[in-house]
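Every chain is named by a letter (A, B, C, D and E) in the order it is written, and numbering of its residues begins at 1.
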Amino acid sequence: MASAAIDELRKQGGGFVIERYTVPGIKDLAAGARILFDRGCDLVLALGMVGRQPVDKDCALAADFGLQAVQANVGRHILGVMVHEEEASDEVQLAHLFDRRTREHAVNAYDLLFRPDAMRARAGTGQREGFSDAGPLKVGDR
Amino acid sequence: MASAAIDELRKQGGGFVIERYTVPGIKDLAAGARILFDRGCDLVLALGMVGRQPVDKDCALAADFGLQAVQANVGRHILGVMVHEEEASDEVQLAHLFDRRTREHAVNAYDLLFRPDAMRARAGTGQREGFSDAGPLKVGDR
Amino acid sequence: MASAAIDELRKQGGGFVIERYTVPGIKDLAAGARILFDRGCDLVLALGMVGRQPVDKDCALAADFGLQAVQANVGRHILGVMVHEEEASDEVQLAHLFDRRTREHAVNAYDLLFRPDAMRARAGTGQREGFSDAGPLKVGDR
Amino acid sequence: MASAAIDELRKQGGGFVIERYTVPGIKDLAAGARILFDRGCDLVLALGMVGRQPVDKDCALAADFGLQAVQANVGRHILGVMVHEEEASDEVQLAHLFDRRTREHAVNAYDLLFRPDAMRARAGTGQREGFSDAGPLKVGDR
Amino acid sequence: MASAAIDELRKQGGGFVIERYTVPGIKDLAAGARILFDRGCDLVLALGMVGRQPVDKDCALAADFGLQAVQANVGRHILGVMVHEEEASDEVQLAHLFDRRTREHAVNAYDLLFRPDAMRARAGTGQREGFSDAGPLKVGDR
């Protein structure tokens, strides 16, 4: 997943340096993100996979909590790219999903830092990371 | 949604500047709000939509947690305007709901900053954002 | 509810000033409490009503989380007076419950600040805010 | 419960002073603990009872959250002695349970501060506070 | 469990000192970890067992919350080695699981501090702590 993120980021443009940091599991992402922020990083892409057991869902909740706490303390973005095992029916589909979602979040990361107008232009167009996009919702002028 | 908020705020009066900041999803609202506070904002309106899947509800919980953590750390208001997909039966109704709820929270935002007496006058009158209001509850003098 | 709290506090004695601050909903209580602490308040009574829908219960959980986070950060008490819509069968009973619970928490607030011995004397006597008290539990000497 | 804690602590030895602080309910324990730490306490025993209604369980979750947040902020122990109403079938059994559990946590408190070796010696021996102990689990050498 | 962790860490190499700190239960791990960080530790291995009752699962959630909060505040890793009673059918299997999982996390701890490249090399290979490993997932090149 990390290589897909790096590849996609490089496609978007330059002006950044990537620091990779690998942790054992999703519950370790918050500490890893905080460590990267303490080293001066401006944004963290947190990539992880969530299993299908109830205990895995509790792990994901704890991980999410930690990621929110770090962001609340530090005031910088952590874009969580979590893929749930049961989102795909086999490994091929899962690999596809991993790749697409990671790339879409990499674009989001780039836009947050370098192209806020592009981020705003996509807002409310109903894009779901990793599956086909739904059309934009009609809001406002009725 | 953001344009409805801006339109409604401008209807209420002046004395403020609006800074827009778009994030990829609801779990990114807390970091975005913290960033806006760090830039000197006094109040944040956080607008987002919550899907109908269980994973979306977990996202909403994580998002809420982050928004509370930022408020607890910073001591300024984040008014969350969350619309749940299943609150409306079709896109027309959903668009209506989005618009109304956003405008009502925009009025709340204005009142918190500029008209605390108006906020107090509305307290306990049973107003629900985005649907018809229920009447005020009789409290106290029985 | 706020007027019942103020009335009851004044019945208990003097030595305090009351600052009222109205927020749009229960998820805004934590920020409001933090703002009051930042203005120098020593204790906050947080009054709110929780609806009967599942989404209301999630709001209450988020609100509670925020109130705990503020207290953990600041080290001063927030006494949450939450009334759940389904605790009463009609508006008359609900109004009664609101009034009683608010007054009992107002006494708690006064005691925490001015009469810690009275607070200790009531501890373990099984008092439930807003319904009839159950008798004290026999602890220890058997 | 507090008197059982104090009695048991005094049986363990000296070298400490006890400060009692009574709060209205379990959701107020976190603020109370933080206040005691701010007054210079080294460890807090937080005693409370949890009712059998779902709303009581939500209170316990919020209380636990607050207690963890204070400990994470301050870096000192809060030993929570929570008794759930449904753990016992009548008041006599409940009183027994209260007393035993409180005393066992009081010993833990003493050991954390003065006898860390005794704490380590008991680790992994399967002791449950307030009910009969199960035997130690055989780990490792099979 | 602690001795398995120490044994495994020593097998990996040198350059570190181990400080043991025993707490009464899993809800006390966060405070213990924070205390160890305040004493200058660089990483904490938090070892604990979770019972099979619902109340034990709530404890685990509270413990996880605290561990995430400490990591978010401090920016150093706590590797939680939690074993759930129901993961094994008897004590022999449970002891085996304890031992294996503890050793695998000890290797993770060593790698995080001294061999980040080894950590990265294992990432995405689908290793589960304490049970047989599943094969690596094919990602990317399809």
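Here is the rule we use: a contact is a pair of C-beta atoms (placed from the backbone, for glycine too) under 8 Å apart; a residue touches a chain by one contact, two chains touch by 3 or more.
Since the model is a prediction, treat every value here as computed from it, not as a measurement.
Centre-to-centre spacing of chain C and chain E amounts to 40 Å, using the average Cα coordinate of each chain.
Centroid to centroid, with C-alpha atoms defining each point, chain C and chain D lie 24 Å apart. Each of the following residues of chain C touches two or more other chains: 61, 65, 69, 73.
Chain contacts in this assembly form a single closed ring in which each chain touches exactly two others. Listed in ring order from chain D, with chain E immediately after it, the chains are D, E, A, B, C.
Interface residues of chain A facing chain E in the complex, by the touch rule stated above, are 1-4, 20-24, 27-28, 30-32, 34-35, 37-38, 55, 58, 61-63, 65-66, 69-70, 73, 91-92, 94-96, 98-99.
Residue ranges on chain B touching chain C, taken from their complex, read 57, 60-61, 64-65, 67-69, 71-80, 84, 105, 108, 112, 116, 119-120, 122-124, 137-140, 142.
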